[in-house]
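Next come two complexes, and both contain chain A; in the first it sits with chain B, in the second with chain C.
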Partner chain A sequence: MKAVSFSKESILGLIALIVFILMSLFIPGFFEQNNLNNMMFQLPEFGLLALAMMIVIVTGGIDLSITYIAAMSGVAIALMQSHGYPMLTAIIVGIIVGLACGLINGTIISKIGVSPILVTLGTMVLFEGVILSITKGSSISGFSESYSLIGNGYYMGIVPLSIIIFIFFAILTGVLLAKTKWGRSVYMIGSNPVATLFSGVNNSRVLMRVYLYAAMLAAIASIIMTSRYNSAKVDLGSSYLLQSVSAAVLGGTEIQGGYGKVIGTIYAVIIFQMLSSGLNLMGVSRPIVNVMMGVILITVLVLNFVKGKIEEKNQKTAAA
Partner chain B sequence: MSDYLLQMTQISKTFPGVKALDDVRFEVKKGEVHALIGENGAGKSTLIKILAGMYEPDQGATFLFEGKDAQINKPIDATLKGISIIYQDLSLFSNLSVAENIYIGRDSGKKPWKKVNWNEMENVAKKALQELEFEIDVQTPVEKLSIAQQQLIEIARALAFDSKLIVMDEPTSSLSAGEVEKLYRVINKLKQRGISIIFVSHKLKELFAVSDRFTVLRDGKYVGTYDAKELDEDQLITLMVGRKVLYEKNTEKGLAGQTLLELKGLTKAGNFKDISFELKAGEIVGITGLVGSGRTELAQAIFGVNKPDSGEMTLNGESIQIKSSEHAVKKGIAYIPESRKTQGLILRQSLTNNISLPILKELRNGFGLIKRKKEVDLAKHYIDTLDVRPAHPHRAAGDLSGGNQQKVVIGKWLSTKPQILIIDEPTNGIDIGAKTEIHKLLRKLAAEGLGIIVISSELPEVLAVSDRILVMRHGKIAGELDIAEATQENIMNYALLGSKASTLKKNVQASKEVSV
Partner chain C sequence: MKKFLGLLASVVLVISMLAGCVSQESATGGSKGKKEGSGNDKIKIAVVPKLIGIPYFNASEKGVIEAGKELGVDVIYTGPTEADAAQQVKVIEDLISQNVDVIAVAPNDAASLTPVLKKAKDKGIIVMDWDTPADQSLVELSVHQIDDEAYGRHIAKSLIEKMGAEEGEIAILTGGLSAANLNTWIDAAKKELAEKYPGIKLVTDKIATDEKQQVAYQKTLDLVKSYPNLKGIMAFSTPAPLGAAQAIQEKGLQDKIAVVGTALPTDSAPYLEDGSLDVAILWEPDKLGFLTVALAKALAEGKKPENGQDIAKVGKIELWEDGKTVIMGPPTDFTKENAKDFNF
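Let's look at the complex of A and B:
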């Protein structure tokens, strides 16, 4: 029988639980309704972007334009609503704008074959330029009241609506990745694109859908963000860009592709959220929080790398 | 002083779970060519890696170089002692010049701020190349050179380091017959200078052509060291595998039912030209020829991943253009590529995920979700029928031996219920026992009505499985032979000279070899 071993994800879940208990015990104000609510309201937007990033990374790519896609959607929604279009129309247009951005990334990456980091670096600057030329750098507001409920409202008076949206998309992503042909192909391409192509998989179509799906998640995140902040501007969510990469890799996603799970990414997002909130409550200044996050991330990555090396070595020798 | 340059005794190497080397001895004399041979997994590479300082042997090993106790803990120790290793896939810096490649590593680490002495570098390179009688502008970037030329650069580098021992790992695997001849001449020259050479190869004829002595390993154990004169090929094979194995030439005649595939004048510039042939249900067509003769490119064109420029392809009597691998699978064409590890399998993924990949579409339920149980059952079915070991559907494909990996790839393609199976180098890097098993399997599949194209460089293999043999040369079909008339000799005539009738020089023939 198999030796008892814990997956990366369950270890991460345990760490999240320990962090939660320690912070609740030792940081005054952490385990209070107000703080817990704050964290729950902040989590969905970050979580959605991290999931989007995770999927792209599993294919061996990266999407540096992801937060600017969110900003594009957000600005589109804001413009529509401030010009008097109904909320639902605005949301649909926002999602379409996001998908169009994803289509640009997907086309250049999957059909032409340019490397994702270069393409999305380019489209990041492109989208930023487009937004700036529309907004002239200012923020747009004028959302309807019902729109602000998406990011600020509660379901049944206790659960934030945005958390429900997040859980829905997290489950959807998990099912798509684990149970569908597309999801399986995502992992396969990330592990070995040539062998996948030679197995009769249309790699290009799979990648196209990956960038479209990531863009859609970004658009959903932008709905939550604009609703919460009641405004949209060029740097909407831009601080989440590198954080989402961090959360994906802290969550066990392999940066060279082939492995990554929804649950791991969610645990990582929760850990980041708690650390940031807890340290903030302790009065640690923002720059120092960043330093600590950096140190944690590097530590985890080094540990993963060393663990991988040892496993690889064992595997090689077993095959020899 | 003894006449031994290198004496390694009581060499063992234990990896977790595996004893890769068990009390092996290996002694090389000054100025000899010493062949190190054994099946895959016999421990050759492990031994070479210990010699190179990449692995550390277990306790108790003794390691003498020039009669003195040698401490080789890191690769640089080996280099400084005068041991150079030329790996199969070469280790040159492709965008640096010939001179830089030959000189590199000379004063690495010492005074990194020191200015590069370009004149000295070029002189050293020129001198080394002169000794090999290899004329080339030392400023040429290495990427512009052929594989054979690059190999000479590696040898020149070894000379420039005053190497006393040069290890060549499968040096001829990507060389043409003429280039192999040249390499032999270089080896003789090195020998005359008193340099010892360890030659690692699978190709028996080649080993007999150059080696003075053989050391045979089997399953990590030392079998013995022999003088080249006291052995013949059969004896050597027996020593390697511990039993006598020969492939029988195929005598079964395939069914040759209706025509499945027909190519007419298929052409792709630089790959293959004017290819026409038919494949019938139940027959195996062998395609052979030298590496680089366009065989693989042709196979990939049929599979839809290498689009031909012109020509016609007919499938079941209907003209068709295969647009993608996906399209090929839909049309019942399966392609098992040459490199199992990089093209055939996704090593980190489980056997199940590998086997089901081409037919995931058919394993979905009404919601588009994969039926996992059905998927695992499918994998189990092929694991059982093909006798894959270990028979565990959730093991990673990378954990299996070469032969079992190949069975998994075959299983993966059988699951698509193909009508045509193209298999490129079916037994590359597989142990002899497993090879015969794969051959039998192919014959069995043909008997069940599959049309099979087997691409192989191993003539005994082509002869063992095919009903008909096509020989390719420079992208064209140089000849077609029925199995009844085919022999290694007339195939080689077509492959090397493009005709059946010409006489062949013995040394040319020797270079295209029986491999095991």
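Let's look at the complex of A and C:
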């Protein structure tokens, strides 16, 4: 009983591989350059938001304002660029705006101690309102040619640049979580904040950094999105909000906090991406795609839950 | 393990630094020109609405499917489940992978579709728009349901007709203050009133109703209270006429205040019945879907539409001088008598 077969993540990775092989075999056009490129272009923005959401969920929180943080920094970048500022300045300002949004979340959650779901629900509406009053609901355009290469260009003519950016931040997040003191504190806070506090960790500082880091990832996602879609708008990527929660949870992240891995989230994002592209290629209608994703999500969660229960039982019997 | 991670991180760092200098290299070079028949020779036409699952776009889907059957082409009608530009881009990217011949899109946000439509065009796919214009430099054809100017004027004229008087106080309700198409119609309607009916007085600026029937209802109640001499209301956006009519119905003002607006017939039937809504003016979305497919098929066969061309099931269309803009025809009046004949 001891050699615990596989971790949640490797099972998920296996599922991803199986889905990939099946789809390549049975869906015409799936294993073609064009579709593979498409998927690599579509994945980064969603992946970055899912990673951001994952980190927040690991602390036992949730960030409902994340897509609006992205939209906010996107609008900032668009405004800067359309007023003739150079690309780099615009991007830096965009990231700063994103961080400022994260700072608001972080301050209220970590210093004042209001529950994350309430705070981010509030800031979600707040950011939406701010963006609406700036843009009046219309989209802002006017990016430079070179800016559009971030989301649409290829590196060396083969690999989409955006996926490289995503891989970089995925590894960075992985290293930060697994190898640093901050990363360990993130997991500790998620599983038991009181014990963590009494073991000498500055909870509020750790939480603050979590929300800042999530906001930064959102800002990066927004750079990719605005560059890909050539415009910034209040509801830019709003459909990713709940999808990113789903991806994090499908990736094995414990919704009460304390557990969650970068690689699991990435597998989940890849699975979502393949299902969405593959089923579209087959011509399955969109609502049905949503139904299937919902079913898969629930199935995996129930399986995880049952597996956890069984292991718990086994441990108890072993102890007794 | 630690060493491995360190190695990985440094590799990525190096790569990302390299990316900084060589990222100008765009385009795969792997675009294989035209697709190779892909099995059957039927023309494949993809029609993308703003979103799926709302009555308006369900009605146009019917027209699209019908046209596919009648004209012998493969049609795909797919779109985002939310009116999110990002989702719509993905839908189009997946369509490009399916090697369709024509993509006709009703953009949620024209600017955000520009890169992906460019991509489609590079792959040899014919790009057109319908319902709402996309980037005009990219599309071969732009199918409009109506001539915006004529539509606005027609609504104003209908209001005067239903009021039965060429002078009096009227008000305008609109979906949102920044909606471009609504504003064009309202401006045209105002122009018509100013030019031909100087006796008509607009009591206040256009009133926003947030695309919600409930808000339109509330605002109409306020209007009726503040302007007891009000004789007519023009309501733009599909929920606004319903809300206005609801208020009129509740107050029993059917004979005193005329309401005309842009609503779907099935929704407005109960209000048309007792005259709280005098006439709903809109186009027939299923015909628009049909026309889109018919023109797409012609384009794929290398045929451009002509001014005054008669399209089966749709009627005579109008082609503007730019050679791109196609107008489906005059709007349809939905009244007490004919509203039941439509199923959208």
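Before moving on, here are some points about what is shown:
The rule is short, and it goes like this: the second predicted complex is superposed on the first by the 310 of 320 C-alpha atoms of A that agree within 3 Å, B and C clash if a C-alpha of one lies under 4 Å from a C-alpha of the other, contacts with A are read in each partner's own complex, and residues count from 1 in each chain.
By definition in this document, a residue touches a chain if its C-beta (ideal position, glycine included) is under 8 Å from a C-beta of that chain, and two chains touch if they have at least 3 such contacts.
These numbers were taken from a predicted model, which means no experiment stands behind them.
Applying the stated contact rule after C-alpha superposition, one finds that A:R286 touches chain C and leaves chain B untouched. Contact with chain B, but none with chain C, is seen for A:S191 once the two complexes are overlaid on the shared chain.
With both structures placed on the common chain, the touch criterion links A:K179 to chain B and to chain C. After overlaying the two complexes on the shared chain, residue contacts for A:F168 are found with chain C alone; chain B is out of touch. Once the two complexes are overlaid on the shared chain, A:N35 sits against chain C while remaining clear of chain B. By the document's definition of touching, neither partner reaches A:T253: not chain B, not chain C. Counting the residues of chain A touched by each of chain B and chain C gives the higher count for C. Under the contact criterion defined above, the residues of chain A that touch both chain B in one complex and chain C in the other are 175, 179. Those residues of chain B that touch chain A in the shared complex are 15-18, 20, 41, 45-46, 303, 305, 324-326, 328-330, 335, 337, 342-349, 353, 357-358, 360-361, 364, 368-370, 372, 396, 398-399, 401, 412, 416. The part of chain A that touches chain C in the complex is made up of residues 29, 32-35, 37-38, 41-42, 45, 136-139, 141, 146, 148-158, 161, 164-165, 167-168, 171-172, 174-175, 178-179, 225, 228-231, 233, 235-240, 276-277, 280-281, 283, 285-287, 290.
For chain C in complex with chain A, the residues that touch the partner chain are 2, 5, 8-9, 12-13, 15-16, 18-19, 22-30, 52-53, 76, 78-87, 89-91, 93-99, 109, 111-115, 123, 176, 178.
Across the complex, chain B is touched by residues 175, 179-181, 184-185, 187-188, 191-192, 194-202, 258-259, 314-320 of chain A.
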